[in-house]
Each structure stands twice: as structure tokens, then as C-alpha cells.
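Labels A, B, C, D, E, F, G and H are assigned to the chains in the order they are written; within every chain, residues are numbered from 1.
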Amino acid sequence: MNRDRIRALLEQVKSGEIESEDALEALARLPFSDIEDARVDTHRALRAGIPEVIYAPGKTPEQIVDIVAVLRGAQQDVLVTRVESDVASRVLGAASGGAYDALGRTLWFGPAEVPIVGRGRIAVISAGTADLPVATEAASVARRLGNEIDLLTDVGVAGIHRLLAEGDLLRSARVLIVVAGMEGALPSVVGGMVDKPVIAVPTSVGYGAAFGGIAALLGMLTSCASNVTVVNIDNGFGAAYVATLINRL
Amino acid sequence: MNRDRIRALLEQVKSGEIESEDALEALARLPFSDIEDARVDTHRALRAGIPEVIYAPGKTPEQIVDIVAVLRGAQQDVLVTRVESDVASRVLGAASGGAYDALGRTLWFGPAEVPIVGRGRIAVISAGTADLPVATEAASVARRLGNEIDLLTDVGVAGIHRLLAEGDLLRSARVLIVVAGMEGALPSVVGGMVDKPVIAVPTSVGYGAAFGGIAALLGMLTSCASNVTVVNIDNGFGAAYVATLINRL
Amino acid sequence: MNRDRIRALLEQVKSGEIESEDALEALARLPFSDIEDARVDTHRALRAGIPEVIYAPGKTPEQIVDIVAVLRGAQQDVLVTRVESDVASRVLGAASGGAYDALGRTLWFGPAEVPIVGRGRIAVISAGTADLPVATEAASVARRLGNEIDLLTDVGVAGIHRLLAEGDLLRSARVLIVVAGMEGALPSVVGGMVDKPVIAVPTSVGYGAAFGGIAALLGMLTSCASNVTVVNIDNGFGAAYVATLINRL
Amino acid sequence: MNRDRIRALLEQVKSGEIESEDALEALARLPFSDIEDARVDTHRALRAGIPEVIYAPGKTPEQIVDIVAVLRGAQQDVLVTRVESDVASRVLGAASGGAYDALGRTLWFGPAEVPIVGRGRIAVISAGTADLPVATEAASVARRLGNEIDLLTDVGVAGIHRLLAEGDLLRSARVLIVVAGMEGALPSVVGGMVDKPVIAVPTSVGYGAAFGGIAALLGMLTSCASNVTVVNIDNGFGAAYVATLINRL
Amino acid sequence: MNRDRIRALLEQVKSGEIESEDALEALARLPFSDIEDARVDTHRALRAGIPEVIYAPGKTPEQIVDIVAVLRGAQQDVLVTRVESDVASRVLGAASGGAYDALGRTLWFGPAEVPIVGRGRIAVISAGTADLPVATEAASVARRLGNEIDLLTDVGVAGIHRLLAEGDLLRSARVLIVVAGMEGALPSVVGGMVDKPVIAVPTSVGYGAAFGGIAALLGMLTSCASNVTVVNIDNGFGAAYVATLINRL
Amino acid sequence: MNRDRIRALLEQVKSGEIESEDALEALARLPFSDIEDARVDTHRALRAGIPEVIYAPGKTPEQIVDIVAVLRGAQQDVLVTRVESDVASRVLGAASGGAYDALGRTLWFGPAEVPIVGRGRIAVISAGTADLPVATEAASVARRLGNEIDLLTDVGVAGIHRLLAEGDLLRSARVLIVVAGMEGALPSVVGGMVDKPVIAVPTSVGYGAAFGGIAALLGMLTSCASNVTVVNIDNGFGAAYVATLINRL
Amino acid sequence: MNRDRIRALLEQVKSGEIESEDALEALARLPFSDIEDARVDTHRALRAGIPEVIYAPGKTPEQIVDIVAVLRGAQQDVLVTRVESDVASRVLGAASGGAYDALGRTLWFGPAEVPIVGRGRIAVISAGTADLPVATEAASVARRLGNEIDLLTDVGVAGIHRLLAEGDLLRSARVLIVVAGMEGALPSVVGGMVDKPVIAVPTSVGYGAAFGGIAALLGMLTSCASNVTVVNIDNGFGAAYVATLINRL
Amino acid sequence: MNRDRIRALLEQVKSGEIESEDALEALARLPFSDIEDARVDTHRALRAGIPEVIYAPGKTPEQIVDIVAVLRGAQQDVLVTRVESDVASRVLGAASGGAYDALGRTLWFGPAEVPIVGRGRIAVISAGTADLPVATEAASVARRLGNEIDLLTDVGVAGIHRLLAEGDLLRSARVLIVVAGMEGALPSVVGGMVDKPVIAVPTSVGYGAAFGGIAALLGMLTSCASNVTVVNIDNGFGAAYVATLINRL
């Protein structure tokens, strides 16, 4: 199904030729829609009950605009991640109704206030100022996917009293996302303070032996806390996605 | 010492059977019991509601026996992981009441049939025959921690029809543990088939460019499926532990 | 100078049009034509029966123009790979008759429609939008080398039904080229679906633990499918070249 | 279908209860046969027209014997690779009719003389004495899969005249397998001498900066010869398998 | 100066031919003494005021005995590190007066009770049971070099309350040595609790992504605590040596 | 807020100038001052007796200005490290009273002449011209933290006589910081010439197999001199910080 | 000795106050000359009998101009390596008499025609067009250091006949420098053709698994030819320097 | 030419059927001799004027005995390297006239006193006791190839005065081989003391961050001394071979 097909379908809805319900059905039945460069899977949202998410790097603003159009045409909410500000400007210029979070680099097409469907709170904790973009991406995505969020920043392990002072907040979360660069020790300490799943996100913050996030990644994989799992370097989105799935259980 | 033990203690205080001061003293002695080489934390079971787990490598059979004795003396169940068969023999010879799972290399001191407290099923899926020890560790640990388990083995991605035939089993799980060595592609495929959290366990199985699990680890970290998080190479225990926490939510 | 040119020369000898000595001299001059910075091997086309291919990076537009001129002067078709658009503009400005494929970054000097000499079809399959440049390079090169091509894109392993839906296309190919970044799992799945040679091309697409293509490379080298061989990261050309050789057998 | 089921089926054939053709049909229809530790795919041989291949490491002799029994019961030829001599002895003691190639570490259950079905010759070339086990594995597997083989050893690049002296042998092959450790330069040189596909096998032979085959692997992946693809370190079997597929085209 | 020369010198002292003071002078003036396989520097102890230290790996028991003899002949105390128990037995059998610490793998030739010359206390802190050999080496060496030691073990970051409970001990140290394997996060936490120099020792304890100590090493090098410096993996001796130098300032 | 400031506060309590409650309030507000992106710890200076240090990368000029303002408002001296010249210009334009060291890339807000509180001299030694920025950072930080400094540059190991000529300077230092890129051999040689602690700083200077400082880092970690500890690549600040702590003992 | 001191000395020579011979003596006795950022060793040329060589990266044009001035003032020839064209322009604008080789990126201050002092010929051989800058650096440096040079380019191993055709040239060299990127196989082949020392220079040319020269470096270090030694990646200068020393023996 | 052929030839010489000169001619004309597992190149000694060298690892004692027999039968001297003591015993038991150097692990079949053909002295310098096997291999090989040797051991850079005391010995060498493990700094220091070619041999001696010789290898490749080239880790033979070629110039 190419764009012409969708356009025709939407025109038919507009002109009353077919009922919205029938159009919806038609769209829902599509295994995937062919557009020029990417098969957009309009089923995933139906399957997983969450908005479609688009990873921006490697796509041109035009490609993003096209994909957004198809999905919005199918009445879906859309979240675009890793959108640099110049790309965001160009997409927002061509696709109406989007909201851009510059720090978390996400672009959102959907209701301003997403209803809460998660059963508990997700805590997002980060160590340093430089980890904020990734922590913000995680928090922003988790919020758009229908979760209540607690964001706690600048609580590194070298000033352990800052972290301990927030023990109640940590223990009240149903799932925790811990974002850290450099030596990535924060998830181990947080993991020892709670008995809930902790999703660790290494960041590429640091220099020298940080090796673009390898030190943090290895530190998190070898954490002495048993309740820690790990996602890819800088993958705030992935952490928020899994936390969302867990929080809906 | 499990929560029942503490509850009993508190009930005794309430009923006047023992003095508050004595109960306090008893509790205060708990945080950890000093034995020669390791402070055994008898509180963790209290905190997390799960048995104490001991990682065997780097400990002598004598140290393991000592730790088991302290914990059993405090009425706690104990699970020992990564126990080679010769170590198991020596520990079982000195500490009564243990059960050894030779394939999963776990040693269990506790009731033969652990009551199910997890809310759903945990599926443990593995790719090849050589991944069985790690998959079995995960399944065995998860069972001992009170979960119902589905174990599905030998369903590699190069014979994709085998995996697809088990779609119902996969979709009925509340959490999934996917164990794979070599290229570690299985979690991506499984992740695309379900909308539940998938915990990926890379194994050190393979040769050459498998580099002792690095290929599988990198593959899982960079999975194109958004619902995948990763634990350390061969860490079947860690996957089972986190899956347990999620399954109790 | 292609085989027809040599055959013509030999016919001329046979018919007495030119002297053996002169023909010998002409042939002797062939092995390579010295130009300033590169010995252009005008024999390879003769040997392999395929156009001369030039790898652009590290060469100035002027050098490329010079090499193209020598080869075109010897009546050979020329394919230039990895040509960035600014370089392409400069080369096309100086050397007439070229066609530029911007996505696949190839520059072609030869007939618009190359005759099909391959005995079957070559399928080029890629996982994500960002892999398109490498997949397109492979498809474009394979087409210029005389093969019929099926290009199948955006069929990642996390949406396995998309791939399965194309089973007939995959099975009808004589050779398959599978292009994938991130965890590089696609060749394993495709390899399990066909009993033909699969050439895997890891791409540098991805971030974090993708390590510029290392994750995909290792994943492909350790593939559990036995019919997979691997070329260098992003080497769409190399895959197409080998697929061409196989398809002529 | 477990072993009892197969045994019963075979007994029925023996006793005349069912016809061989029907039993064959029954076996052919089986998607896979469950035995204790591995689902044996009895279809692959039907699909690919080649014997079933078992990779021995990580399997006990008992497991290998079981799998061999199932497959032989289904009238299939079986090839076991990477079989150390002590394992081979134990398997041969329990499963009759096998032939062991100690240098190539393969175990064969099938006709002593496999009919040639490959359309041309496969040349297997290796650099040093220490590469012989891998080269022999490749040659042995390729022969068992129905190909005519030329084995050429000890022709390293530092004594280039030895290789050049074998130019005719190289050029007469339809596919070439080149096995080399250390710097792994041999495939580049061979690749430049022929216009056929070359499958390069890096070996773990070497010391120091050879890094267990990494030097050879990287050298082969970055080969300046365009007709080279690569398989995993020491994967003589994989090279032979792909060469076989190509040689049947 | 060979062994004969030293033996003669010592004989002369014994026989009264020369005064002890003169012999001492003679020995002190020696830049180094040639023995068969190693030039033993009898000056370093004079220069640094600490016993001579011998690193055992790569030396035969015989070589160790010889070096000990020369140094003891020159009235020096000798500390041998990384001595496996079988080597220790053989050395102790040939060289009298040594004391072996089996856990820390050190062999000591000198007074049973070394006088305290360090100005404050050195705290040696370790995370897990498996780090004990390295922590013990550090403590044992530091004690032999004349320091008062506090050894604190099994205080990992995942049970942060254990560590915090020892705050006074940590703060009373003049220098701290922190030994940790796996993710190596302990030095960061300790570093944040004190304002004294912290010497971090990564250990090779761990599996999988611990990579034999690389994870811990990278974690320590990128510590967010500014008062941390690092020594080589498992180098308990080096940490103790530097701590000694600092403690004498 | 430095210790004098706190002492004054306490004196005011003692003299009755302010109420205990008010003083308590003032102190209670101290642990950290919340500003938008970073919790500024105004206690560290109190704890460690040294100025607050801010690491600039990953912070915007605006964030740096904000943090400086909070700290200066609390009467603290502030040192900002790794400040590129354009950032420095913007910060200096918004925050008065700063001094910029362009070579060492530090920005200082405090008295022009810091009183000497270190007990001895710190020698900063570097190998090549290209190591100067890191060496200067170390020297500049150490001076701002109250130490007397000897800076010795361009004394590489390949011209060993240059280094030996400075033996007196080296031996007169209480702590030594040795900065080197490429093979990083200088700390070993310096370490052998003195019996004081040597802090080695690998730099990212070099090309090829220097791998951005890895060669130097590994060389320093494996130094044959026992008095060497190591900090992260290019971490001149960390070396100066630890040297300061040691020099105050 | 600072620049003023040298200037004064030169003025004295000019004015006749001191004899040239005495000034020369004075200069020769200087261990090194202090200038602002680098101690220039005016002795090396005397010791080694070759011009002073300056490595440009990490130095400003001004620093280079200063160093050149000091050395020229001491009547020394100067060679500057790795000079980018913009730096060259600025240096040539401030320091007269220099000659720039843009391809080899060297800057020469000395006689246009350096007398030949090497005893034989040095052959510089390179594989691909992209290796030319490094090969040219090697050739250019070797020529400036007084050697006769044969430069042979574009003779890769995949077209082995090109190399074999130059056997006489190779065998007539006294030392050989072989420059290659990608798989770096050329030194092995050349090494097998001659019985003279071969200095291999890996280049950072290549992509993907070439890893910036690592593949070539490892290939050269593990060469099966025994007469090959290796220098750092892209270190054409180092190869030429060692070749010069050998050629003067 | 197989062993029978050689044996027959030698019998003919023995019986006077053919003249020695003719037999020599026959042997000299052989491009290589086929024996079972290796083509022995009897020409290399003629070409290079040095004995044939056999690398033992990966060869059985029987294979070594066979190769030695062929070469001795052709009147060639033979040097076998990396021969462990048990292999040496078995070879010496079967092949008469060999001499084994246990420390350097070489086996020599040739005259006890090889005539000196090298034009100067080769200095072999090593840092630590543990480097002795590699240093001894280098010295032993160089001596067997006809060079005068100075062996200088235990002169590490951390005790720089030991090395400086041997300046005359270093400067009197025509070529230098420097063997070092750990940080591998010795070649840089030695390189700065002489103006002759220095061949650096990294050893696998060390632990932790030495990474089996990688630290030393990188250190040597990035040496700041320009007269250093490098061979593979532990390749004492290769260093001696190249030093021999240089010393014959």
C-alpha cells in the first residue's frame, strides 16, 4: 500500500464514500504499508498498545515527514527519537502538531497529556550533568508511553549521601532506569537499595578510558547487584520501552 | 531468616512473650552474621523475599559449607550457583539436605517443591545444545525462586520454523529469558514475536569470532527489538533473578 | 579493452590485416597502462570478463578522471564505487557519458542497459532504512555486472513475518546478498530459509555497542547458518562482485 | 517423535506391517524429531540434498551416539565435525559403520565412496603445516558432500614461486577454499590469480599478534582481491559447505 | 660481584678478618651484585629504606633461593610476592627463616614483628570473597613494610549500608587501598567518603564482560571521585608499596 | 563556602550574634544548593579544604556561569577545568573576576596568589611538546590548590641525559606527576630515580598504535617501577588533585 | 641557551669577535638549547650525522618557525614531517629557504641536492594509490637523509605479476621499505623475494575491518617472512630513518 | 623428490656411483623437496647463505625428525626454534648430532662452533629475568647464524644507572636487539643512546594490563626513538634473523 492508496482512502473518508470504521479496518488489516524507503508497520501499535516509535538517525527529514504522515493518517500517535534540533525544525515545518523536547531530542505527535496506563511509577536516575540528554530521553519517552515518572539527577556515587537521601523515592518506584557514564557504578548502588528491576543505561559521556561508553557498559554488565539488566550505550529509549512493558504487567 | 521468622518474632513482642529489648537485640544482630571470610547478609531475604543466593566460583567447598550453615541456622533457604560437580560432592558431604542439578550447576537447600509466588509464567528459550547449561541454570533458579517455567530448547534462528511453531508458548509468558551463543540473534526474533520484556543471556558458547561470548553480547545489546535487555555472558542466574522480580510485580 | 577487442585483433592477424608482430606489440603493451599515480590494469576485464572497477576514496577527482580516460580509451566499461556526490559532480563535469547513482554512490561509464549474462537472479535483502546505501551499492553493482536483481528492503528480524512473507522471492534466487547493521542477525534467518549461498554484508549502521559494524560483523561470522560467508563492513561492492562470479558459473 | 516412535516405525517396516515408502513418507513429513537434548532436523538433508552435519564440541559422546542413531535410522548419511580422537573412539565403539579422519577430525557414517554430484573441482589451498587440520577438515567435508577435491598445501606467500607453479591447478577449480593463519595473506594472492569465488578460512595458528586468528581474519576481510569472502576462524566445515552449494549451481 | 665474592666477604667477617662495618660499607658500595640470572640491586633498600621485594612468577624456586641468599647475606630483609604454595614449599626447604602467607601468597624473610615506621594507618578494603587474595597481598605487604593496617572485607557497593557503617574506620586512615573486581565501583564510593588518597586495585575476579579485570580497571580509571589513582590488575603489592611511600611522608 | 566562613558562622553563634537555629538553618541549606541542572555541593570544600572544581565538557557556558555564581555567592573559590577558549570567553563575559590559562585550559575564580599550604614541592614532568596542555593543566591545578610547583618539560626517555641532568630537581619533590603520550615510558624511568610517589598521566598524544592514549596507559599500568600509580588518559586535573592530598599529609 | 644567546653568538661570529671554529665548538658543546616550548637537541645531528627532524603535529606554526630558526642558526639542515599544507604555507612565509613536498607532507630546509652517503639503494614499495602519501614521505625523507631511492608504486598482491616483473629492482636494493594498508600482505611477498632487511609500514588506508591500520599492522607483525620488521602505522619517516641507518653500515 | 629419492642419491654418492659435486648439483637444482607434510625448501639456504630454520610448534616430533633428516641429507645445517624440552628429547633420540639450548628452546644440527661471518657485533639486551628465554633465543639464533654476540640482561629502565653503565657495550654494537615485556620501555631508552638500528622484541611477560605482550608491543611501536623497529611478541628468532641480515651488509 503506497501513499496514493492511503491518500485515496483518507479522501474517501473525508468525502463520506466510506465509513471511518471501514477505513480503520482497512488500515488495521494492513500488515505493513509500503512507502518509498520504509515499510511502516501500522500493526505494532495495535499489537503492543503503544505509539509507533521512529529512530531518526540515518533518515532524512523528508523520510521522517513521510512516515509521520502515514502513521498520523492511520490515527496513530508517533514518537520520533534522536532528533537533532535542525532536523526537528525541518520536520515541524512540514508536519503539523508536533512537540519537540530539545534536551531529550524527542519529537512527539499526539495528545499533549498522555493518559497514565502504567500501574506504578518509573524512577529515572542519572549521575552527572552530562548524562542529562540520555536521562531526559528515557523520562520523556516513558512519559509519552503512559507512565508516571520521577526524575532524579546529579546523584553520583562519589557523593553517596545525595543518593541515600532519596531512598524513599527509589523504593517507591515499580521499575527504575539508571543512567550513568564514566565508570557506570550508579546502577550497582541503586540496585542494592531496592528490590525492583533496575534497567541500566550506559552513556558515552566521559573521556580517555571511558572509551565512548565501554567502561560504563562493562561495569553495568558485571554489576554485583543481581537486579540489574543493561541496554545499549545511550539507549534511553530502549530502557523506557522495557520499563513501560514491565510497568503494564 | 525469612519474613515469617521476623513476623513471629514481632508477634512474640506483641503478645509479651519476649521483651522488646530482646527482640531488638535479635534483630540488630541480623544485618549480617560475621563468619570468617564473608559477611553473610541474612537481611537480603527479608528485603527481597527470596532465598539467599551464593555464587560458588572463588570460594572453597569449606567456605560454601560455612555460609550455608550460617544461613540454614537462620532458617533461610539457600541456592548456590555455578557449582562444579566435584565441589558439589564435597559440599553435599558436609552439609545435609541439599539437592544438586548437575546440568544447571545449582545446589539447593530448601523445600523440594517451592510454592509458586510468581504471577505468570517465565519462558526460558535457548538456541543450541551447548547453551543448555546456562538455560538450565536460568530455569532452575527461576523455579527455586517460586516461578512456573516453560523451557524451550534447540530453537535457533537458522531453523526459524521451529521457533514460529512455538508462538503460543512464547506469547503466554509474562517474562521471557532468551539464551544464545554464537551470533546471539535469537532474542531479536523472539522480541519481535511478543510484547513482553525479554531478558537476553549471551553465552560463551562458540569459537573463533564468537570471542567467548562477545559476539552474542554485542548482538543482543544492539538488538533491533526494543523489548530486549541484556545481562552478563553466561549469567543465567541474573536473568532468572530479574525475571522473578518482574513476575512478582 | 574487452575480449571482443582482443578477438578482433586476433581476427585481424588471422586475416592478414595486421602483422603478428604488430599484434604482439599491441598485446604486450596491454598488461597495464602507466598513468601518473596508478597502473591501470586493462587485462583484468579480459581475464574476468567484467568491467574495470575503481574504488574512489583516497583518489582525487582528477585521478579518477585520468583513470576513466585511460580505460575508456581502451574501449572498457568502467564502474566507480563510493563516489560522494561532490566528487561525482566534478568527475561527470570532466568525463562525459557517466551515470551517477546517488544512493548507492556509484558512477557508471558504459551502456545504459547492460546485457544479462548471469544465469539466475541475485536477491539483495536489507534490514533497515539506514542500510539502504550499502544495499543499493550491492544491487547497483550487481546490475552493472550483468545480473538480474531482486531488491528487498526493510525486512528486519524483529518483524519476522515480513521476511517470511517473501519466502518465494528468497527461494527463487541463485545467490543472496544480505545487508544488515546493528546485531546483523538477518543473514542467519535468511540462510536458514534457503539452500543457496548467502553473502553477508555487515554495515556500520548503529550506535554504541554496534561499534561501527563490529557487532554485525561478528554476528555474521559466527552465524549458525552454514551457508553464510562474509565480506568487509559496508562492502556492498565486494558482495556483488562475488555474487556475480557465482552467478556466472 | 521420540526414539521409541522411530524404532517402532522401523520395526513395522521390518515386519512388513507398513511399506517402506509409507515409512519414508512418515519420516519425511516429520518437521523434527524430539530426542532428549536436541531436536534433530531430518528435513534438512531432504531440503538441501546433503547429509546431516553435527558439530561435536559441547556434546557428550552419548549425545552424539543418540543423534547418529536417529539419523541413521532415518537412512541418512551423517557427518560429525570437530571430533577429538578420544570422543571418536567412544562414538565408534557405540555406533557401528563410522570412519574417522584423525587429521581433519571428522567422523563419517555413510558410503565409503560418495558419488560426485558437484559440477567442477574444489581446490583447497593452505599455507603452513600447522594449517593442515583446518585444510583437511575442509577437504574431507567437501569430499563427503560429493565434490572432487584438489588439496594443495604448504604454499605460503613468502615463497611465492611455489604458489605460482600451481597456477593451472588453481585456474582449473570452480571454487577455491584458501586456509591460512598468521597474516592470512594467501587468499589475496590466490584471489588475484583466478576469476572464481575464493572462500577464505582464517586459522588460529600463530602466536603473539596473531591473536588466535584475528590477524588472519582482519587480513582476509580487508583483502584487496574482490573475489574473496570469509568464514569464521578455523571454520573449515563452513567453507566446504558453501563451496559445495556453489559447486552444485 | 658474584656469590663467591659475597661468600668470601661474609667468611672474612666471620673470621674477624674484616670488621662488620667495613663489610657493610663494601656491600653498600656495590651498585649491584651479579648472580647467574639477575642483577640483585642491594642498593634499593638503602635508597628507599624498605626491604627488597622479589616478584616470583617467571623465576624458578632455585633462582629465588639464590637471590634470597645473596640478600640475606647482605643483612637485608626480603619479601617475595606471588609465590604459589608448591614454590613456597621448595623455597622454604632450601632457605631457612621464611614465613609464608598462603592467602596473600607472600614469603617473608625478616623479623616476625616489623617495627611500625608509617605515620598513620593504611586501610585495605575489598568487595568480595574472591578479592581476598589480592587484598591480603596488599595488607600483608604493607604490614611487612612497616605500616599499621586495617583490613575491611566483603563491603561491596550493592550492600552500601555495610560500607557506610565503617565510615569512622575509613576516615581514620591516612591512605586507603581499595580492591575490587567485577565492575570495580567500590573505589568511587570510598573515594567520595574520605579526603585522603585512594589507591584502587582492579582484580581479575569475575566472568564474562569482566574480561579478566578490564571492566574493573576501566571503571577505576574513569572514577568520578577525584582522589583515586589506579595500579595494574591484581597488583596488591604495588598498591601497598605506594601507600607505604605516602604513609612515610 | 570555605572553612573560614563556617568558622565565622560558628563564632557568631558562640558570641550570640546569631541564634543557633538560624546558624543551623544556614548550615542545613549547605549540603547542596539546587540549581537547574546540577546540585552544587558547597560542602566538599569544607570537607576537603580545597576549592570547588567544575569539569566543563558537556556543560553549556550558561550552566557554568550559573554554577560559578552559586559557589561564588557562597564565598567559595572555583576552578573550572577543560575550558576551551570560546567557552572561556563566554563565561568570562558573564562572570567577573576569572582568570583563564589558555594552555592548561583552566578558569580560576579566586585570589590571584593562592597561599601555599602543601608541605613540599610537586614536580610536574612531561615528555614532549604535545603533552604540554595536560602537563600545564596539572601544574596549574596544583598551584591553585596551594602547592609549590616545579615544571620540567621536554625530557623524553629517548634523550635520557636530559632527564638525568635534572636528578636534583626530581629528588627534591615530595610527589611527582609524570605526563607522557606515545609509549608512556617516562614514569618508569622517573620512578626508578626517586623514592617518592609518582602519579602517571597518559596522554592521548600520538598516532597509529598510540590508539588515543591506550599505549601510554598500558605502559604506565605495567610499569616496572613500583612507586607508580596511574590516572585516566589526559587527566592532568586528577593527578594534581591526588598530589595535593598527598602533599598535605 | 636561549635564542638571545645564540643570536649573540652568531653576531660575534659575524663581527669577528670569535672565530667560526670556536662558535661551532660552543654550539657543539651545548647539550640542548632552551627555547620557549621545546629543548632543541643540536647534538643529535652531530651524533647521528643526519639532519634534525621535527614532527609537526601538536606544534603551532610559530613553534615550528622558532625551532627551525634555532637549528638553521646552528648551521643545521632541518626536516619537518607531517606538515599539512596550510601549516606549510605559514611556516614558509616566516622561515625562508624551505621546500615543501605536498604529497609526502615534508618541509625541507637544506641544500636542494643532498649528497649521497648511503652505501646502496633503498627501495620504497607501496600497494595502492591511497598509500602514496606514506610511501612518498618515506621516499622523501630517505632522499633528504642522503640515500638513493627507487620508488615502486601500485604493486598490490592481488596482481602479483606486477610485483614479480620488478624482481630485479627489488633484489638490487640494500634495504626495502614496504608500505601497505588494508590486509598489509605486501611485505610478506616482497620479503620472500629478497634476502635483505624489509621494513614494513602499515597505513591507515582502508575501511571497516581495516580498523585504521590495525589489520595491516597485525598482518605485518605476523608475517611468515623472517626478514620483516615493523614500524608504527603511517610512520613513513621512521622507516626511512632506520633504513638510512642500515644503509650507512 | 621424496625421501627415497634423496636416500638413493646419497647411496649413490656413498657407493661412488655419482660424484659428490653432481649430487650437490642435483640437490641444489631442486626447487623444493616433497615430504609427507611439508615442502622443504632446500634453496633458501643457498639463496640467503644461512641455515634452514624450522619453527617447531604445530609440528610433531616425527615431522621435525623427518624434515631434519632431509635437510641434513642435503648437507645443510638446521636450526629448530621453540622446541619444548620433551619434544627436544624425542627429536634428539631419533636424529643424531643435535645440541639443545634449554633456556632459548633451540635445537641445533651443525658445527659446534659456527664461523663468524657477520661484520660487527650484535648486542642483545633484556630487561627482566622473565624475558631471558626470548633474549636467549635471540642470542642463540644470532650466534648460530654466524654473529658475535654481547648478551646484557636485567637492565630495566626503572634502574637506569645499570643501563648507562653499559654505554660502551651498547655503542660498540652494529645492530641491537632489545627484549622487554611489561611496559616495553627499554628500546626507547637504548634507542636514544645509540645511532644504530634497534630491533625491539616485546615479550608476553607480565600480567594484568600487560595483556600477554600487547602493552609492550604498543609501547615499542610508538617509541619516541626513531631508530626502533619491532617484531612480533616473543619473536626472538625474527629479531636475530633480521639482525643477521643487517650485520652481513
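The rule is simple: a contact is a pair of C-beta atoms (placed from the backbone, for glycine too) under 8 Å apart; a residue touches a chain by one contact, two chains touch by 3 or more.
All values reported here derive from a predicted model rather than from experimental measurement.
Chemist: Using the touch definition up top, find the fewest steps from chain A to chain G.
Modeler: Tracing touching chains, the least step count from chain A to chain G comes to 2.
Chemist: If you take the chains that touch chain E and keep only those that also touch chain F, what is left?
Modeler: A, H
Chemist: What chain lies farthest away from chain C once each centre is taken as the mean of the Cα atoms?
Modeler: So the chain farthest away from chain C turns out to be E.
Chemist: When I count C-beta pairs in contact, which pair ends up with more: C-G or A-E?
Modeler: Per the contact counts, A-E leads.
Chemist: Mind checking chain B against chain D and telling me if their interface is mostly the same residue numbers on each side, over half, or mostly different?
Modeler: At the contact between chain B and chain D, which are copies of one sequence, the residues are largely different (under half shared).
Chemist: Provide the C-alpha centroid distance between chain D and chain E, rounded to the nearest whole angstrom.
Modeler: Using C-alpha averages as centres, the distance is 53 Å.
Chemist: Report the inter-chain centroid distance for chain A and chain B in whole angstrom, where each centroid is the mean of the CA atoms.
Modeler: 29
Chemist: Quick check: what residues of chain G touch more than one other chain, meaning two or more?
Modeler: 128, 159, 208-210, 217, 221-222, 226, 232-233
Chemist: Strictly by the criterion at the top, what is the full list of touching chain pairs?
Modeler: Here the touching pairs of chains are A-B, A-C, A-E, A-F, B-C, B-D, B-E, C-D, C-G, D-G, D-H, E-F, E-H, F-G, F-H, G-H.
Chemist: Touching chain H in the complex: which residues of chain D?
Modeler: Within the complex, chain D touches chain H at residues 128-130, 132, 153-155, 159, 161-162, 165, 205, 207-210.
Chemist: Quick one: which bits of chain B touch chain E in the complex? Just the residue numbers, please.
Modeler: 31-32, 37-39, 41, 44, 57-59, 63, 202, 204, 213, 217, 232-235
Chemist: Using the touch definition up top, name the residues of chain G that touch chain H in the complex.
Modeler: These residues of chain G touch chain H: 47-49, 53, 119-120, 174, 195-197, 199, 217, 221-222, 226-233, 237-239, 241-242, 245-246, 249.
Chemist: Show which residues of chain H lie in contact with chain F when the two form their complex.
Modeler: 127-128, 156-160, 164, 182-185, 188-189, 191-193, 206, 208-211, 214-226
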